[in-house]
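Quick heads-up: structures coming right below.
Look for chain A in each of the two complexes below; its partner is chain B in the first and chain C in the second.
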Partner chain A sequence: MVEEKKVSGEFPKADRLIFLTFLVLMMIPMIFPIGLPIPISSLSREAFKAVEEVPNGGVILIEENNAFGTLVDIGPGESAFLRHAFEKLVTKDVRIIIYSGSIDGNQISQRFLREYVGLPDPFNTDPTYGKLWVHLGWIPGGETIIAGMVTNMAATAPVDLYGNPTVNMEVFKYVAARAPPIDIINGNDINLFMVVHNTSPDAWIRQWGQYGDPQRGFPHGNQIQIASSAQQASAMVFIQAGQMRSIIGGQRAGAEYELLIQRPGLGASTMDAQNFAHIFGIALIIGANIIFWSQRLKRRSEK
Partner chain B sequence: MEIPIALYIFFSVFMLVRYYFDVGKELADVFTSGVIIVTTFTLLIGAYNLTRYHVKNIQMKRSGWYYGLILLGSAAGFLLLGYTDKAKYLWVQTNVLTTLETAMLSYVGMYMFTAMFRAARTRSLDASVLLFITIILMISMMPVGSIIFPGITPISNWIMQVPNTGATKAFTIGLGLGLLALMVRTWLGIERAYLGRSG
Partner chain C sequence: MIPLEVILYSVLVLMVWSGLYRVTWVFRIAESLIVGLFLGFTIYNGIDIIINRVWNPIVIKGNWINPLWFSVVMGVITWGRFHRSTEFLSRWSLAFLAAIGSALAVSGAIRAQIIAQLVVQVWSYTDLWATLNQIIIFVTMICVLFYFTFSFKQSGAKGGISRLGRLVFMVQLGCTFGTMVMGNFAIPIGIVYELSKPPAFYFTIGAFLIIMLDIILRRVGIELKFPFK
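For the complex of A and B:
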């Protein structure tokens, strides 16, 4: 293909045309929603099933590592999951422990708990706070902290978001007493692990992958990860090996989860645009190759 | 032997032994708290370095010094709002910070579309196979893909579960071996990049 000269600004003419077409294609379904069907994948169903299967009085550990930049992609899955988990807190007395491994994640989790779960601000004014659930805030330290949360949680997180000592909290005492040693919270006390991230899934597999739910056929890793769709490829290895149960990958899986909990939201509303974007991408690849081959054949015939 | 290397050897061996033999729990908890404190301090060092760098830029009127002024002004304003007016702080977070960061990420998406047009060419057999797989996965990732092409899901599942898994496993094992080699090199004092020196 003949290379085009730049017009006047930074981008070549073809790029400008692509940007403009893309923008128009994204705007059309946003302004005039089509409502194309959203089939639900087996991975999203498995993630939903994992929350449904948490027994009465069971425990969910949630680590939030999302960033503001990836909020649009990962946010729908996270908000739907939090809603689902907190429904179980009401209906099945499930205990929930949340903490953040990133500064952004700390802010995002609090925002989602207020906006989507409907919890009051500050959280400690909620009557179930400290009894059924707790937010431990941002705990810096990366993988060391991931490991610490399943070896001795109270030592790793001595205080909650508001500076209250965790060892005195009802929820901590309850969770610690579920499996020996009865005074320490470790991985054996947790029924379901959930992590929201925009990096590689490895660290949580290394540290949490050994804790599972043998009664439900997951001896090594009853863990769900909410990540970008690009992470789905690397997560498949761990899902196949049984070290991880499922992944809610990107906006599409988030939309599927919203449908599973029967609360369509941001994810479902953007699926028409995502269909258009994929079709546009495929059309670009096919179109570029048609031009490429026609020019190549033309050159050959000229020789 | 230098002190940092000796410290590295002690902590890494201790944590390895702790992981595999379940000993020294109390001491491991103390070290974990130490990691939290050290990581928090690195954040302070980062903030100090960033401020110093931009203040110097502004003082010397280096190229693009006004960006530094915007950065420091925004950081100071956001910090101040966080302590004085939570409602406004949350408004800025939702409507400014989130939007700007999302726009930055979307920019990459724009480049991906131009790359599809410019780089995705069937120049060789390898490139053709790669593009064919790309199109299959794009269709399967498209919400209505499995409705338009009902047979696409088993094919994309096979791609994800067999060739993708094989390649990712090889990559993961390679990465693990590389980390192990790096640890041994650091123990032996050959790898010194983390001390700010070349090996």
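For the complex of A and C:
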């Protein structure tokens, strides 16, 4: 038998056992699906309603900040939302402006637009590109850019993904003319704001929270965020205060959105496994607490 | 035809997950590859941005008188930190960035994160729960702000308010942490889903067989070693 050596970076045995058990448990519902029902939350319904309510010829601004690490968590909600938004581009002449605040997000959004929306590669071969929608690529700068996009969009994003000047594009001219000043795109020209991110929701609330769609009863905060489920707790105070409309938090909410647009995908397919994972997580918490308290009691009784 | 992307994805994931069995050269290669790939990807995107947004408008299109020069100069002087005599220059651009970022964040935060939270949205006798919720948000907001105010000694009644603020803050952090842990479960689930579908499934079976073979060989005293140095 080969002698066991301690290797640097080796995971502790308990951790390895937990992860391996977890992976095996996840495989079970994928091989033998249970098909538990997926109730749709009011937050997902509200996000769906927000897209449905965008008027004919309205404008959606999308910022994409997803990362490869959180792709499978946030991805289902994002892909479903993009499908839904681009359906409105066809049925309601809605204009869509997409840009990325992160390197990963730039690649992910392009991949999703090709895979889920069915757009050609490169995008500028699509006849509606530049007329009804545009992808501005990665714009580095964080919160400064978020603010710039609702102050003077053309100055913040002078060129699109392919280096074409944005001021000459039909979609930019159309959006700029929607509200005064007619030659500048600012927050008042946008009907619905959407952001995909895996960080805190604060920055978009700070910079975009005051814009909305007054004609549809949202003088401010007509904003949807697609984020990891961890951000849901932080986002609820902003929803309560009317600074944003809804959040699609994690894979679960993504699955709900997939069902709402009647196109089940990755999110809906993995919900059984999610339920198993949560039961496993709760069992681990209970187990760890029992071990902790029993050890503590044992130490006390020994004293 | 099997897409190269799927092959790379599944092989790399399985190589990394092999660390759960044993840290071997397979795991080490994947570890280095992923770090290297991401670094290369970041550099590629950075260069692409410089070409697309700086080089093309200024040099190719000949717009030599351009406000972009300011950004170029600010960007170049950040490299001043590579030499001790020019190190101070890099602080200028960083200070400029930090000042803009702080100004934007602070001005936005006062309106969006403090004042808007203090405004009670619903005073309704028909929906008492909504009103109660608003009152709780209002009171706890004051308490948390109190906890983070260090201008006076937090003792007596002030200490009580501060402690309540700390408790509320802890509840929020616990809630965020709990959902983050549960949310992180979704990541391996999505990857397992991909690995359980062909063609990635064949690689999963292959990895499983290799691990089985390694277990058996190690039992009889043979170790699979890195094939070349």
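As a convention for this text, the second predicted complex is superposed on the first by the 267 of 303 C-alpha atoms of A that agree within 3 Å, B and C clash if a C-alpha of one lies under 4 Å from a C-alpha of the other, contacts with A are read in each partner's own complex, and residues count from 1 in each chain.
Going forward, contacts are C-beta pairs under 8 Å (C-beta built on N, C-alpha and C of every residue); 3 or more make two chains touch, one makes a residue touch a chain.
For clarity, every value in this text was computed on a predicted model and none was experimentally measured.
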> When the two structures are overlaid on chain A, which partner does A:Gly242 contact: first (chain B), second (chain C), both, or neither?
Replying inline: second
>> Quick check on the superposed pair: does A:Asn289 touch chain B, chain C, both, or neither? Answer first, second, both or neither.
In response: first
> Where does A:Thr156 make contact in the superposed view: on chain B (first), on chain C (second), on both, or on neither?
Replying inline: first
>> I'd like to know which partner A:Thr144 touches here: chain B for first, chain C for second, both or neither.
In response: both
> Taking the superposition as given, does A:Ala179 touch the first partner, chain B, the second, chain C, both, or neither?
Replying inline: neither
>> Just checking: does A:Asn275 make contact with chain B only, chain C only, both, or neither of them? Give me first, second, both or neither.
In response: first
>> With both complexes superposed on chain A, which partner does A:Leu89 reach: first (chain B), second (chain C), both or neither?
In response: neither
>> By the touch definition at the top of the document, which applies to A:Phe22: first (chain B), second (chain C), both, or neither?
In response: both
>> Looking at A:Ala233, would you say it contacts chain B, chain C, both, or neither? Reply first, second, both or neither.
In response: both
> Intersection of chain A residues contacting chain B with those contacting chain C?
Replying inline: 19, 22, 69-73, 140, 142, 144, 147, 158, 202, 229, 232-234, 237, 240, 252, 274, 278, 281
>> Residue numbers of chain C touching chain A in their complex, please.
In response: 17, 19-23, 41-42, 45, 49, 52-53, 56-57, 100-101, 104-105, 108-109, 111-113, 116-117, 119, 121, 133-134, 137, 172, 175-177, 179-193, 196, 218-223
> In the complex formed with chain B, which residues of chain A make contact?
Replying inline: 14-15, 18-19, 22, 36-39, 67-73, 107, 111, 139-142, 144-145, 147-148, 151-152, 155-156, 158, 202, 229, 232-234, 236-237, 240, 252, 255, 271, 274-275, 278-282, 284-289, 292-293
> Mind pulling up the chain B residues that touch chain A in the complex?
Replying inline: 19, 25, 28-29, 31-33, 35-36, 39-40, 43, 90, 93-94, 97-98, 101-102, 104-105, 110, 112-114, 116-118, 120-123, 131, 134-135, 138-139, 141-147, 160-161, 164-165, 168-169, 172
>> Which residues of chain A touch chain C once you look at their complex with the stated criterion?
In response: 1-2, 7-11, 16, 19-20, 22-23, 26-27, 30-31, 69-73, 75, 103, 106, 137-138, 140, 142-144, 147, 158-159, 163, 202-203, 205-207, 209-210, 228-234, 237-238, 240-243, 249-252, 266, 269-270, 273-274, 277-278, 281
